[in-house]
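Worksheet: the structure to be examined is printed underneath.
Which chain is which? They are A, B, C and D, in the order written, and residues in each are numbered from 1.
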Amino acid sequence: MPAELLTPADHAVVARAVDAARRLTIPGIQEVGAAVRTGDGQIFAAIHFESATGFATVCGEVAALSLMIAAGRRDVELVAAVWLDQDGVVYVLPPCGRCRELIADCNPAARVIVSRDDDHWQPQASTALVTLPIADLLPRKSHRLRG
Amino acid sequence: MPAELLTPADHAVVARAVDAARRLTIPGIQEVGAAVRTGDGQIFAAIHFESATGFATVCGEVAALSLMIAAGRRDVELVAAVWLDQDGVVYVLPPCGRCRELIADCNPAARVIVSRDDDHWQPQASTALVTLPIADLLPRKSHRLRG
Amino acid sequence: MPAELLTPADHAVVARAVDAARRLTIPGIQEVGAAVRTGDGQIFAAIHFESATGFATVCGEVAALSLMIAAGRRDVELVAAVWLDQDGVVYVLPPCGRCRELIADCNPAARVIVSRDDDHWQPQASTALVTLPIADLLPRKSHRLRG
Amino acid sequence: MPAELLTPADHAVVARAVDAARRLTIPGIQEVGAAVRTGDGQIFAAIHFESATGFATVCGEVAALSLMIAAGRRDVELVAAVWLDQDGVVYVLPPCGRCRELIADCNPAARVIVSRDDDHWQPQASTALVTLPIADLLPRKSHRLRG
């Protein structure tokens, strides 16, 4: 089984995503915080933003990867995304299909933080977290990036 | 006619987009540099990145807006995006339809730097630049963002 | 001024979009009907569908273009999209930035049906319709399709 | 193991996707044929189309789902997508992350035809096909559609 428990350093990635959500949330417009860690231990945190035309919405993971790439790196090794409800309960969210593509494009060996239990919308789900390889979340990726 | 000539401060936005493209280009993967300036004069510069599945590709403007929003701002007032050919010739590119939506979502009064002449792929086009209101590039926007 | 009044044949395109919306609407999931007419007078009508992850949502125009292309044609000459409120009032909606790209990719000379007045969300707006060239709705298109 | 061998009826879905690709391919613009079968045995076949701005590209699966939904159905039960090389060799392609979202949005119990072997770009891969549940291709889907 490829799921692994989080190290303290991994929990820091979640903490940065939560911090981004707390600082930057605008209800209905900016809600999902995300953070990515590169191979040298840097963490890039950002927040999602909605478009009035839904298709153009930018996920938290896309935003965090944008910061990473603008800083000259592509070696994402760990990803976390979170949403907080009105009571401040943290939900750790798996990436959507597009973000899975982009994470795997940057680094096919990246890992993603998810709840141990499948149902990430349970209020207790974020109290037990694991990491999964991106390849487990996007098996049989159709196309690989060529440099 | 709403086109306006660039101020020296506006040219600095182009320069930051060019600088991002020069520093960060990876042929076929990262090529279009972009920069956005907010109302307080801050400039956020970034680069586009391709996905192996084209639909997931992140434009330079999306990346630059991601940096801006992660920094707690939405008041984009000026946008520039550039691509450099093998000889280093700079082409100032208008935003695609998705980026027009996102720019207008952030600030319906934002302006975009484009070549004065319509054909931005002419090698000389970037030597004469103007700014246009985003509303001229996306007239009759279908939906408006509600907070 | 490039806006043109609708011919009876053009009104039939709107009617097909309205018919698609009436037949196929599922509130919150399928709502925007669209229709496209090709050079030989065929009309292809379809409906938009939401994704649970907003970015994957398929606009009505994308769906109608998909039918047209599956039928072996790319020569879209006229496009209409409509949304009906709970009272059955018809709103003729301009295409979003992505759909403008796709329409222009198929045929840079295509026209789009919009309300004569800018504010298409006014309940009376759809009683006075005009057609506009897609190039007016997406001026300075950044990239052209090459076969 | 959830992979299942194809029935003759399942092979007919592949055949329809191949037929769409053979009839409709325009190199560089329309290349990936796709077909979906609904619960009542109807098959809807279509082809992907590129946009000049990559993000707007419409996958074959999106196009085929558009036909299905325009026909008043959402109960996709089987999906296939194919690409043919210059020699006519058929490659059965897994859906991208966006298409996985849309397939699962329509029917979380849908199945997808893929090559038995993981590397679908091997010229022999399409000679041994299986079906997989969409949930295996998009585990931990982040959001579910609500009607």
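Quick note on the criterion: a contact is a pair of C-beta atoms (placed from the backbone, for glycine too) under 8 Å apart; a residue touches a chain by one contact, two chains touch by 3 or more.
Everything numeric here is computed off the predicted structure, so don't read it as measured data.
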Interface numbering overlap (same over half, different under half) for subunit A and subunit B: same
Most distant chain from subunit B, judged by the mean position of its C-alpha atoms: D
Distance between chain centroids, defined by C-alpha means - subunit B, subunit C (Å): 27
CA centroid of subunit C to CA centroid of subunit D, Å: 26
Subunit A-subunit C separation of Cα centroids, rounded to whole Å: 35
In subunit C, residues with contacts to at least two other chains: 50, 53, 55-56, 96-98, 101, 141-143
Footprint of subunit B on subunit A - complex, ascending: 20, 23-24, 26-30, 45-47, 49-53, 55-56, 58, 62-67, 69-70, 72, 98, 101-102, 105-106, 141-147
Subunit C-facing residues of subunit A, complex: 50, 53-57, 59, 96-98
Partner subunit D, residues of subunit A touching it in the complex: 93-101, 114, 118, 120, 132, 136-143
